[in-house]
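Each structure below is given as structure tokens.
There are two complexes below, and they share chain A, which is joined by chain B in the first and by chain C in the second.
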Partner chain A sequence: MTPVLEVRGLRVSYGGLRAVDGVSLEVRHGEIVSIIGMNGAGKSSILNAISGIVPPDEGEILFDGESIGGLATHAIVARGIVQVPEGRMIFGTLSVEENLRVGAHGRGGFLLRERTRADFGRLFPTLADKLDRPAAGLSGGEAQVLALARGLAAEPRVLLLDEPSLGLAPKLAADVFDLIQRLREQGLTILMVEQNVGRTLALADRAYVLESGRIALQGSASELLSDSRLVANYLGMSSTSSCNTT
Partner chain B sequence: MIDFVQNTVDGIMFGSSYALLAVGFTIIFGVMRRLNLAFGATIMLGAYVGTWLHVNYQVNVLIIALAILASTVLTGVYVERLCFRAIRRDAALASMVSSFVIWMQLEEVAIHLLPERTYPFPSLFVVDAIEVGAFLFRAEHVTMLVLAVAMVGALHLLLHRTRFGLALRAMSENPRAASYMGIDTGRVMLCSFALVSLVGGVAGYTILATDEQITPFFGLWTTFKGLIAMMLGGMGSLPGAILGGLMLGVVEAHSQWYLGNEYKDLSAYILLFAILVLRPGGLMGRRILSREELAYRRV
Partner chain C sequence: MDDYLVTVLSNIGMISFIALSAYLLLITGEISFGQQAYFGLGAYAAGAATAMFELPIWTAILVGSSVAGLMAMVVGALTLRLSGLYFSISTLAFAEMVRLILLIVKVQVEVDGEMVGPDGSNGFHDIRWMFERDISLTEFMFMIYGLLALVLIALIWMERSRLGMVFRMLGSDDLLAEMQGLNTVRYRILAAGLAGGIAGIGGALYAHFTTYVEPQFFNVMLGVHALAYGLIGGLGTAIGPLIGVAIDLGFLEAVRFIQGYRMIVFGGLVAVLLILMPRGLLDEERVHRLKTLFSRRNHAGARGP
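== the complex of A and B ==
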């Protein structure tokens, strides 16, 4: 089966400094694939290259076997690859519903479809009765849920998630992971970046471990969980770093 | 007392055109986070095209008005293409400086069209002033207010009820996030320029139809009035721009009446100074800014 999303030999740099150095990866239909790595490893740069936010120096990005390299972000979103960016970036001056409608903008819409509305009520009950509130008043957990919901309003085929649990208390982070699990059950394909390695590997089908812009390890989540290099370098580290961030 | 009320109402009526000018500056500032210094000159060039038609061909006022709107919109699009689109996102200073250069360029074109002096501009209609009790209102001023209210109402609907309006507001808050969400930011910018140029064209037309003349200082004048009104209200704030414009009109009307014509502009600068000392972000700017900051901190 050909992968839905495929990245080949991707190189990204910022002002001469290479952030991603020859990364190849693939995501198949219905999978959750995770990219793991320390701060500055180049995880967000990969997602941003896929989304057309940063132009790659080299490499191919294929969606359904067709090259999407060089397309503008709005064209990529229209094709069905939607990113929920790092730091959530919700629109605080807009209401919760307007945030969702900005998401719907990505698929060419303006109003929310009834189905989207119904899904929203079911998946995000905490937000469903806050539709008219300005998004600036949401808590961190609610903001992350809104960011996810806004991404879904674009009706993506592939969802790119950049550190969805960043800055959330453990309980809220667990809720977000549950939510991602439910999205997968609905048949969504997900490529996610996370620093919470234990939780991510429990959820993901496969993962790539990124070190200084290169892929150091890759494999199924269960293989990686039993890989001593990963356990030594990341699982130990991630528990201390999550103490620092939360 | 009658004078005071009369001046206040006159000020509000004339100030409504300042409000439109300020709206033009503030929308572009919101969307681009850059000052479009060529905005006044855009309006001036459009106005000169209309005046040129009037002087040479004596065409109908309606055609003049349409010609002004069409040429301000085209000029606005030209400005966007030349100095906002072409210059990279983060080079805000460069595009501001280049918009200043375009200001000069557009003025030059206008002055070539009609060499430097004052030209007559046709009034919209010839009617006597409207009497309401002890008060007397110029029909042009009333038209100005009615058009401005209509423009602001239409803008409000556009921003809150249409897909483009939502995209524009999203982009004004966070262009990067808007781009992630699949908004074609380049198109929003272009359409914003066309939109504000239309608003500016309406403001320019009503001002000239009231003054019944145009001078080569029209570009400078609209720039000053629009910028001061925007600064009074707070940069990037739409309600602020409207409030600032009305306030500027009222203060000018009063100072002209009580202090004399030569104090009209000075009092506007003193007002701006006072507001900026008391509320550095402008009247509405601070609240918007802190709300935005809050949004960024929370999310």
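== the complex of A and C ==
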């Protein structure tokens, strides 16, 4: 099966410092693919290059086999690649519902489809009764869920998730992962960046491990989980760091 | 009404246009120090339309507004990649450029045996539409407020529309707005053009009210005041900047004992307000609260016996 999204030989740098150094990856229809790695490994840069936010130095980005390199961000969104950026980014001055309508704007002028509305109530019960509140008043977890919901309201063909659980309390992070699990059951294609390696691999079909801008390991989630290098470097580290022994 | 009062009220009305112009950009998150350029371009273009080409006043106002709006779109397109301080400086630079060009431009035509038109640093005299048509100051004042009401209604309608939402999104985070699939470039140019066009209407009226304009009037102080009006009155509603203008030109100008100290009082007021209420008297939160208060009252009234 041909991949929906394909990145070939991507290089991205900021002021001469190379953040992504020759990355190739692919996402097939209906898959959850995860990019894992430490802070500064270049994970977000890959998503931002796909979204057209940072211009790549080199490399090709193909969507449905067509190059989308050089397109403006809004044009890439219009094709169906929607990113939910890191850090609970919502429009604080708009209401919760307006935030959702903003996401849905490409699909018929800021009007939420009935289906989207129904999905919303089912997927995000905690937010559904706060629709008319200003989004600035939401808690961090609710804001992250709203950012996700806004991304979904756009009815993306590929959803890019940047650190969806970052900074969330464990219970909320678990809710967010549950939500992603449900989206996967609906057949949504997702490329996500996460630091929570254990959780991510439990969810993803395949993953790429990024180190200093290069892909160090790749494979199916189950292969990677049984890979001693990954376990030692990431899972091992994350469990020791949580015990503060590092 | 005596002429003094009519003049003060007319000035408040005309300056309100440039205040609304600066306000429109403020809600999209851009601080322009150059809206006086579009006020000036509107004044010169509309003045030329009636005095040099003997066009009707409404056509002249349309010409003034369009020239200013189109120029603002061109400048907006050129400064798209600039943000924050760099954008502000470039708007100021453009406005000063316009002012300096107007100081040397001399284009005059003969009308009824007299030379009429912009005359460099001598300004643009004899924009005599009001005298020729025998329009009184009071009648002209009603014209000013009629147009102001139209612009205000249009702005308030816009704020409730999808466009207003987009403008506020740009003001809150334009990259995030772009990531929702909005062509932020197009909306930025549109906002610049609308703001320029609104300032141009004010300028067009001003030229016909005073019958004489000179480049010196459109200096940076006018632009700085235009910004301050929105910041004083509040960025939550288009009525905010009008309150700012009324405080400055109405209250401070009219109260005798402040005469001569007006700029000191005004400057102090701006400083204190920016510390206490960074988004002005009627900011988004207070507007929201007033709205809920109002709708609740209506609601209670409807349910009452």
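Note that the second predicted complex is superposed on the first by the 235 of 246 C-alpha atoms of A that agree within 3 Å, B and C clash if a C-alpha of one lies under 4 Å from a C-alpha of the other, contacts with A are read in each partner's own complex, and residues count from 1 in each chain.
Convention: contacts are C-beta pairs under 8 Å (C-beta built on N, C-alpha and C of every residue); 3 or more make two chains touch, one makes a residue touch a chain.
In this text, all values refer to a predicted model and were calculated from it rather than measured experimentally.
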Practice task
Assess the superposed three-chain arrangement around chain A: do chain B and chain C clash, or do they fit?
Solution key: clash
Exercise for the section: Please work out whether A:A143 is in contact with chain B alone, chain C alone, both, or neither, and reply first, second, both or neither. Expected result: first
Handout entry: More chain A residues in contact [chain B versus chain C]
Key = B
Exercise for the section: In the overlay, answer first, second, both or neither for which of chain B and chain C A:A135 touches. Expected result: first
Practice task
Go through the superposed model and pick first if A:T73 touches only chain B, second if only chain C, both, or neither.
Solution key: both
Practice task
Quick one: classify A:G87 as touching chain B (first), chain C (second), both or neither.
Solution key: first
Handout entry: Which superposed partner A:E98 touches (first chain B, second chain C, both, neither)
Key = both
Exercise for the section: Pick out the shared contact residues on chain A: the ones touching chain B in one complex and chain C in the other. Expected result: 51, 53, 72-74, 77-78, 82-83, 85, 89, 91-94, 98, 101-103, 105-106, 109-110, 134, 150, 154
Exercise for the section: Please name which positions on chain A make contact with chain C in the complex. Expected result: 51, 53, 72-75, 77-78, 82-83, 85, 89, 91-94, 98, 101-103, 105-106, 109-110, 134, 150, 154
Handout entry: Residues of chain B touching chain A in the complex
Key = 162-163, 166-167, 169-170, 173-174, 176-186, 288, 291-292, 294-296, 298-299
Completion exercise
Contacts from chain A onto chain B in the complex sit at residues 51, 53, 72-74, 76-78, 82-83, 85, 87-94, 98, 101-103, 105-107, 109-110, 134-136, 138-140, 143, 147, 150, 154
Problem - chain A-facing residues of chain C, complex - result: 162, 165, 168-169, 171-173, 175-185, 284, 288
